[in-house]
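Each of the two complexes below includes subunit A, the first together with subunit B, the second together with subunit C.
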Partner chain A sequence: MSTSFSLYIPRESGMHRLHPLTKLALVAFCLVLGLFLPGVWLTYLAFMLLIVPLAAWAGVLPSFLRAVFKTALPVVISVFLVQGLFWPGGTPILHLGPLSLKQEGLQFAIRSAGRFITVVSSFLLLTFTTRPDGLMLALSQRGFPNSIAYIMLATMQIVPRFQTKANTILDAQRSRGLETEGNLLVRLRALLPLVQPLLLGSIIDIEERAIALEVRAFGRPGPKTSLLVLHDTPAQRVLRWLLLLAMLAVIGWRLYLAIAPRLAA
Partner chain B sequence: MERLRRDFSTITLVMIPVAIAINIAIGQLIYTLKVPLYLDSIGTIFVAAVAGPLAGMLTGALTNLVWGLSGINSFYTAFWITGAVIGLVAGLFSRFGWFKVWWRAIIAGVITGLIAALISAPILTYVNGGVTGSGTDVITAVFRNAGLGILPSAFAQGVSSDPLDKAISFFIVWGVIRALPLRFLDRFSRAEDIR
Partner chain C sequence: MIRLGDVTYFYPRATTPALAGVTLEIPTGQFCAVIGANGAGKSTLCYTLAGFVPHFYRGKLSGGVEVAGVDVPASSLAQLAGHVGLVFANPFNQITGARFSVREEIAFGLENMGVPLEEMATRVEDILGFAGLRDLAERSPFALSGGQQQRLAIASVLVMRPPVIVLDEPTSQLDPIGSREVFAVLRDLAATDAATVVLAEQKLEWVAVFADRVIVLHEGRIVADGLPGDVLASADLAQYGLQPTRYTQAARAAQAAGFRADRDDLPVTLEEAVEFFR
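What follows is the complex of A and B.
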């Protein structure tokens, strides 16, 4: 694969050598922490004490943090502006001209930002440390449909080609005099001549691909062999079960906190 | 079961990755044009039209998963449910022949957009704190300032962009179906619903 549509970084780290399902379980645990930890600050703790050390262990920390920053920044800024400044009827703690920062809004924004950063960084941790084909193989071996694995992997290979194609069409139409800059109406009018060739060309192509797969017994049921070999250990199997239990515990804790006051009342 | 096997024929399974790639490539192209639209579900709607609601659901859900897990737009992953529902609804409209006439396709798009906004709003509220991190957050701020809750404001923001976006997407898919040769469309399981 020349260019792949993924931020995966190959490294010889312990994190990378883990079985893909173990990494999936770790990331799912981080995700559950992000989504279900109560309070305002705990998600930040999960990010600093679990996700960042895992990324450091994988040896991808600088590019990982850059990606988290890039993805999270627009939403984090926006949540502080929108919810912090426009919270209806909150307690103002700082006046900024006609607007004021509300205490309730600020608290909501801090909680939301922590949750968002934890969720985004969990997904990115999986992306940076897990080969897509390894993950799909591991899932197929556990009874996940082969066709879905094919769809995921084929997509990752097709997207970069399509992006090149889209840019070629953009250049071609521009050289024919198509206006792609200017006011909104001009840009909207440019839409169709750009979208149409990309759509029709790529849809017509698939017939040949379908025939190519058919003659290679793609639709045949039964076990398939793979070039990739995955390593699993008993310790990792135990760890996966423990992570599953920990996830249930966190969700249970959150549910308890939500229900307990109502039971007491 | 037989219907399911026919919906997920090899041609559909080959179409789905291409459709996902169309979603992503056009989605990013639109971003460079700086038009206030997404157009990132044209592939999903096309698959739903030619191969039924379930194939559409799969395409929509996997678009968000692949796009998100590629690391380009990580938080899209959480919106896989919205993608799935867009595919489902588009497939149902196709089932009842709404892709045969252009204005019906547009109405179907508006309704799908409203449903998409309805599904996205709770996810947006819980995962993103009610904002998208893009220009449409101004609308959320206006509604918050007017005293609306976080969830209704997030929904209002969706309503301001999703129905128009899906109406245009449905119209484009209607045009694509007209432009494709019948011989090609007939390879799909739901060809009789769209011609």
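What follows is the complex of A and C.
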């Protein structure tokens, strides 16, 4: 039984030991590369030379690649089909019956797929190597609101419980003869006796959890401490600034490429 | 020390009071059980001591509520946190969801109070041992059984060292094994005298074992107040919708058949029953 939505894989790697903000900066940098690198092939280069080595360093490469593959494959396939085959006009390079593969469409698909893979893999890299509570703690220490950090963490753990409860209610109603299989109308009608107890029950749950949080001094103003200790180093602080500058540089380069032809004209 | 002076409370839009003229004094260190049928006002009394009546539920409260030197209606919930600990029936809803291990879950309250790391670590380890959770310290709080989760909820409150701890039917949603685990922790708690404890509970056999004092609530009023042996063996219990312990029932049945008909101190615990029937 899964107790959390978290994809975090505990490992004793250098990547895991990095301060959460450093990992966040690294991932943001990868994201910027994916979104702003010009041309068709550079994003693939960023993926192969930066993101994959980082995942390998973290010791999560096999599960990381599997996750990237599973997430990206459906999107990549559909992008290639739709853009490759249905690009308006364009130069046909391969005829497939009534359809033809267009060069421009193919290029566009390669570029989009590269961006998508880079963006998805950046996020996966962060979630695979960063404890969610560590990340939230790091953000809270920088002034991120505690209540939002709480909501993000609690959602990860409480939503799976919510699903379990929904299944319990569904089983209970089924055992009383509720029909849940059949055409759309039957299924829709089956939803009502499921939603009512689930919603009412959840409202009571929320009220009780609010009380429990107050008992645990969650609403208390003033500085908080943490059992979890985050390790930061001067080198990482420098690295974070460098990454920020690098992101600005990449964005600036891209803007320059976009504007330069017009300036020349 | 807990002091209630003529406390009457109406929930919002209610026409009958949930508590009606409750006056009560509980000395420091006492383990006081509150019993009564469903709807008698046990939970409301618990919420009043912890400040959720009236601060959370609103409604209309009159009379004075003082808990360990603090005027409850005049304080905010944030001020009362760490001063009055509250544990309630549903173990799952008391887990914050913001922490991924039992150890961190226990530390959550101390983190919010800003307790320094070293002190926090020591206190968490102590409580892990006290509540019998040391072997589960690295587990996810959601991967525990009901009884373990409830022990976690109690530990999470105890670690904040509130002078007063209020437990509202902490075993009502647990199976017999879970209940036994929780009562074992409560018995240890009663033995330490570290805090004043108010326990609302329906399981009278357990109340008889470790309460210093038993209060009976009926329709928002205190109708009996005294030593467990006296209150639990009293013939009035039935009219308040409560069933005496099986020991008392057995003794009463035996008396009706002529056995030891002269005795008026009926047993409420197993030991007393053994002595009675010997």
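Note that the second predicted complex is superposed on the first by the 234 of 265 C-alpha atoms of A that agree within 3 Å, B and C clash if a C-alpha of one lies under 4 Å from a C-alpha of the other, contacts with A are read in each partner's own complex, and residues count from 1 in each chain.
One rule holds in what follows: a contact is a pair of C-beta atoms (placed from the backbone, for glycine too) under 8 Å apart; a residue touches a chain by one contact, two chains touch by 3 or more.
Computed from a predicted structure; not experimentally measured.
With subunit A as the common reference for superposition, the partners subunit B and subunit C occupy compatible, non-clashing space.
By the touch criterion defined above, A:L199 reaches subunit B but does not reach subunit C. Working from the superposition on chain A, the subunit A vertex angle toward subunit B and subunit C, CA centres, sits at 70° in steps of 10. With both structures placed on the common chain, the touch criterion links A:P10 to neither subunit B nor subunit C.
With both structures placed on the common chain, the touch criterion links A:E214 to subunit B and to subunit C.
In the superposition on chain A, contact is made by A:A154 with both subunit B and subunit C.
Using the contact criterion defined above for the overlaid structures, shared-chain residue A:F116 touches subunit B, although it does not reach subunit C.
Of the two partners subunit B and subunit C, it is B that touches the larger number of subunit A residues. Look at A:D133: by the touch rule set out above, it reaches subunit C but stays clear of subunit B. In the overlay built on the shared chain, the residue A:G177 is in contact with neither subunit B nor subunit C. In the overlay built on the shared chain, the residue A:F108 is in contact with subunit B alone; subunit C does not reach it. Aligning both complexes on chain A leaves subunit B and subunit C separated at their closest CA atoms by 8 Å.
Common to the subunit B and subunit C interfaces on subunit A are residues 6, 132, 150, 154, 158, 161, 205, 209-210, 213-214, 218-219.
Listed in rising order, the residues of subunit B touching subunit A in the complex are 8, 10-11, 13-18, 20-22, 24-26, 28-30, 32-36, 39, 42, 46, 58, 62, 65-66, 68-75, 77-78, 126-134, 137, 140-141, 144-148, 150, 172, 175-176, 179-180, 184, 187.
The part of subunit A that touches subunit C in the complex is made up of residues 1, 3-4, 6, 131-133, 149-150, 153-154, 157-158, 160-161, 205, 208-229.
If you check the complex, the residues on subunit C that touch subunit A are 50, 52, 56, 77-78, 81-82, 85-86, 88, 90, 92-100, 103-104, 107-117, 120-121, 124, 140, 142-143, 153, 156-157, 160. The touching residues of subunit A, when paired with subunit B in their complex, are 5-8, 35, 67, 71, 73-75, 77-79, 81-83, 85-89, 108-109, 111-113, 115-116, 119-120, 123-124, 126-128, 132, 147-148, 150-152, 154-156, 158-159, 161-163, 165-166, 170, 180, 184, 187-188, 190-192, 194-196, 198-200, 202-207, 209-210, 213-214, 218-219.
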